[in-house]
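Have a look at these structures, which come just after this line.
Heads up, the next two complexes both have subunit A, just with different partners, subunit B and then subunit C.
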Partner chain A sequence: MRKELPLLVTILTGLFVIFGHDFAIGEKWQLINAMDKWQTISQAFALLIGAVNLTRIHVNHIRRRKAGYIFSLLLLVALWGYTALGVVEGYKGQNFRWLYNALLVQLDSTIFSLLAFYIATAAYRAFRIRTVEATLLLVSAAIVMLGRAPIGEAIWKGFPDWANWIMRFPNTAAMRAVLIGAYLGSFVTVLRILLGIERAHLGGVGGAGMK
Partner chain B sequence: MWDRLMSLDKRVIYLLVAIAIAVPLVKPLGLPLSTSTESETGFNAVDALKPGDVLWIGADYGPSSAPELDPMAIAIFRQALKKGVKVVIYAMWQDGVQMSKNWTEKVSKEVGAKEGVDWVNLGWKPNNPVTLRQMTDDLWGAAAGVDVNGTPLSQLPLMERVKKLDSSSVAFIFDLSTGSPGTADYLQYVSEPKKVPMSVGVTAVSAPGAMPYVKSGQYKGILSGMRGAAEYELLTRAPGSAIKGMDAQSLGHALIILLIIVGNVGYVLRKKA
Partner chain C sequence: MTIWTKGMVVDFWFIVAIGIVTYVLITRARAGMKIPEIRKIAGLEALEESIGRATEMGRPVHATPGLGGISAPETFAFFNTLGYIAQLCAKYDCRLIQTNRNYLVHSVNEEIIKQAYLEAGRPDAYNPDDVRYLSGFQFGYTSALLGMFAREKPAANIMIGYFYAESLILAEAGAQIGAIQIAGTTSTAQLPFFVAACDYTLIGEEIYAASAYISKNPVLLGTVVGEDWFKILVFLTIIVGTVITNVIADPKKNPLTSWILK
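Our next item is the complex of A and B:
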């Protein structure tokens, strides 16, 4: 039963969610909506478990004075201090919003901005016309970059049109292929779970879990 | 000589990038900017809404994408309010709450729009996109009956008309997204099954992934990255931070292309030697 019961629950739940909505199964009792609510409640508990677990791990780091324990302390102060401030002040709170705008917004933007520097050095070092494919990639990238910035238009009026053509046709064709592949992969994974072939979610490892 | 050019110190490149981006921000070059069909389609869709129609704006992004998506949000929100279109904002990303609070306060003050009457910010609710799907059946229930400030939806006059996220309540969706959950979820759970037309504003890196849905007509246009935001500002005739950033982007792109050329010329010549 240790193996069969969780499998049965998974199969029945999966089939119900897939077909319940389209065939209005259990509509009278709003079963699909009820299941959505259960999922939301489960997620809230998962968030709490995550926070508690994180706290336990970092409290241990601090107690044992592990290398970098000061960062654990910082994490705990940020996690619980900001939570407490949010609970006391709410979203409208002046200090709550100031901390977010003055710290998180700036830090997040700074880290993302660093990408510009890394992309520039990476492009300079790695973008080489070694093969025909690499040359095609480089030429298309250059056209799109010039076409997406006003300087390209200033150099030659045709750059935006060429950039748009690349985005609309070759890019769309390639992305469609990628998306169809990804969705077929998801479909196969769902089938494997529903047929009980894939059992990693039951606590085992990979497809061989809970043998 | 080419060997030296092929092995430029990365600190020199960092300095060049910093100069290329910072100088035009301080002293704009004023390069001309045209608009693309994709941006015009999105603009025309919002422009075609009638006073009293409800526009749904999805704020599914965080601070890292704010330079690209905030200007879009500001331009769309301002355009809608000025036309008398009512706006409901919802964030599937927690960060979207603070992002949207920043621009709703700024624009509504500027336009003189009233919260609860002309626009409502539902804030963030957990467990998306499941909650988003729930909203198509029972918006009030899925939103736990309150807006971002904790005000009961029953006290907000605009929400009396918006009980479900479907075509009976919402005329158009404009989702501003930087990943998942985001545009694809709106398409899958709201736009297609509930027949609500939608358009999207995405970061430049997300644009290639969204293009197939533009070509299929499922997205009514797309605003792509800072360029898309600048084009929308141009269309709404309200220049903002995106148009200012275009010159910096221009020089940044030109510098990267120049570096690629230098590196490749060095590579070819060294190979020949």
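Our next item is the complex of A and C:
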């Protein structure tokens, strides 16, 4: 039953979604909306699992006095302190909002800004001319960059048109080919799960057992 | 009153058709009939090599499904690969660190790894502290992972799932610590970053073929072949659509468009 019951729930849920999406009566009964609400409720319950896992790991760090355990302590204070503040003040509370905007949003932006530096190192690696493909990549990237930046148009008026052509035709064609393959792949994966052939999500190696 | 939701008729029959084709191929495979082979996927071939290298170096292996939630098909592609990765790590006695941004995905991953260690006959080697929920925030998760990379220096970094702007940050951080990196996603915006920064990249549909490819199980291979047949059908439809659109300029009079939007 440990595997059969979740499998049955998976199959019924899959059929429920197809019925809700494709059949007029499913749309009339707003089955997909109901499904979304159930998912939100189940996610709210599962949030506790994440918090418990984090707490368990970091309590262990503190107990064993692992290197940097002070950061584990800080994490636990932030996690449970912020939760307590939210419970006391509510999510519209002044201090709760201030901590969010003054700390979390700023930290988020800081990590995001690292991307600018990483793009430079990745571009250097990608644009080294070693093969014909790398040369093509370098030339097309140079045209797109010049076409998108004002300096490109100042150098030659044709750069924006060339950049647009590269983005609209070869780039879009390649992206769509990848997407069509990905959609079909995801569809077949869903079908394998619905038919019970793929069971990795129920634990263990599922269909991908070692040879 | 019509039976189907507007615009969903083709969608429904497409599901039925692909279901029938897949069923036929599965039946053929079960009956021992010949199933066409699928091409070599370098990224999947490299999984064992990367875990072997990590074992030799005495450093851990890291695996992540990215930011996709429990309902993302890419996350299921990760689930299908994770059991294999965990079993290899158990077999080679290599530490596996698995990090998550979604708590539901975390629970499933925990179960997959625990079960894989059990199936490999090494339940004692399973460490629950190495399956980690880091943060629900995109960049909170990213910064936690950057810290983990710097402290624990995994020798193999496997990223299969759905990624957003953090893809390049993670891939570059992995490259800087000298990890062998295998990445796979369907996100066309992040694929170029993975191609630039990782050793092997699984492009789009390749991540879904993982379980079939790894196991060489004819039933699973049959479903991949069914998918390829439909890909040919979709591309033929595109060619026919292009021809019809060039002949009939008015989209309202285009029979293919009206049929698809029915």
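Just a few scattered comments:
Just so it is clear, the second predicted complex is superposed on the first by the 174 of 211 C-alpha atoms of A that agree within 3 Å, B and C clash if a C-alpha of one lies under 4 Å from a C-alpha of the other, contacts with A are read in each partner's own complex, and residues count from 1 in each chain.
We adopt the following convention: contacts are C-beta pairs under 8 Å (C-beta built on N, C-alpha and C of every residue); 3 or more make two chains touch, one makes a residue touch a chain.
All figures in this text were calculated on a predicted structure; none of them were measured in a lab.
In the superposition on chain A, contact of A:15 is made with neither subunit B nor subunit C. When the shared chain is aligned, subunit B comes close enough to touch A:154, but subunit C does not. When subunit B and subunit C are set side by side, the one touching more residues of subunit A is C. With both structures placed on the common chain, the touch criterion links A:92 to subunit B but leaves subunit C unconnected. After overlaying the two complexes on the shared chain, residue contacts for A:74 are found with neither subunit B nor subunit C. Legend: residue contacts after superposition of the two complexes on their common chain; A:57 is shown touching subunit C, with no touch to subunit B. Residue contacts after overlaying the shared chain place A:111 against subunit B and subunit C alike. By the touch criterion defined above, A:198 reaches subunit C but does not reach subunit B.
When the two structures are aligned on the shared chain, A:134 is found in touch with neither subunit B nor subunit C.
Within the superposed three-chain model, A:36 lies in touch with subunit B and out of touch with subunit C [touch as defined at top].
On subunit A, the patch touched by subunit B and the patch touched by subunit C overlap at residues 39, 43, 47, 104, 107-108, 111-112, 119, 121, 123, 125, 175, 179. In the complex of the two chains, the subunit A residues touching subunit C come out as 18, 21-24, 26-27, 39, 42-43, 46-47, 49-51, 53-54, 56-57, 60, 68, 104, 107-108, 110-112, 114-115, 118-119, 121-123, 125-126, 175, 178-182, 184-193, 195, 197-198, 200-211. By the touch rule above, subunit A contacts subunit B in their complex via residues 33, 36-37, 39-40, 43-44, 47, 90-92, 97, 100-101, 104-109, 111-112, 116-117, 119-121, 123-125, 127-129, 138, 142, 145-146, 148-154, 160, 164, 167-168, 171-172, 175-176, 179.
Contacts from subunit C toward subunit A in the complex involve residues 1-5, 8, 11-12, 15, 18-19, 22-23, 26, 71, 73-74, 76-77, 79-84, 86-88, 91, 100, 103-104, 106-108, 111-112, 114-116, 118-119, 128-129, 131-134, 136-140, 142-143, 146, 151, 165, 168-169, 171-173, 175, 186, 188, 191-193, 195-197, 203-212, 214-217, 219-220, 223-224, 226-227, 230-231, 234-235. Touching subunit A in their complex are the following residues of subunit B: 8, 10, 13-14, 16-18, 21, 31-34, 36-38, 62-67, 95, 97-98, 101-102, 123, 126-127, 130-131, 133-134, 137-138, 141, 148-150, 204, 207-209, 211-212, 215, 224-225, 227, 246-247, 249-257, 259-260, 262-264, 267-268.
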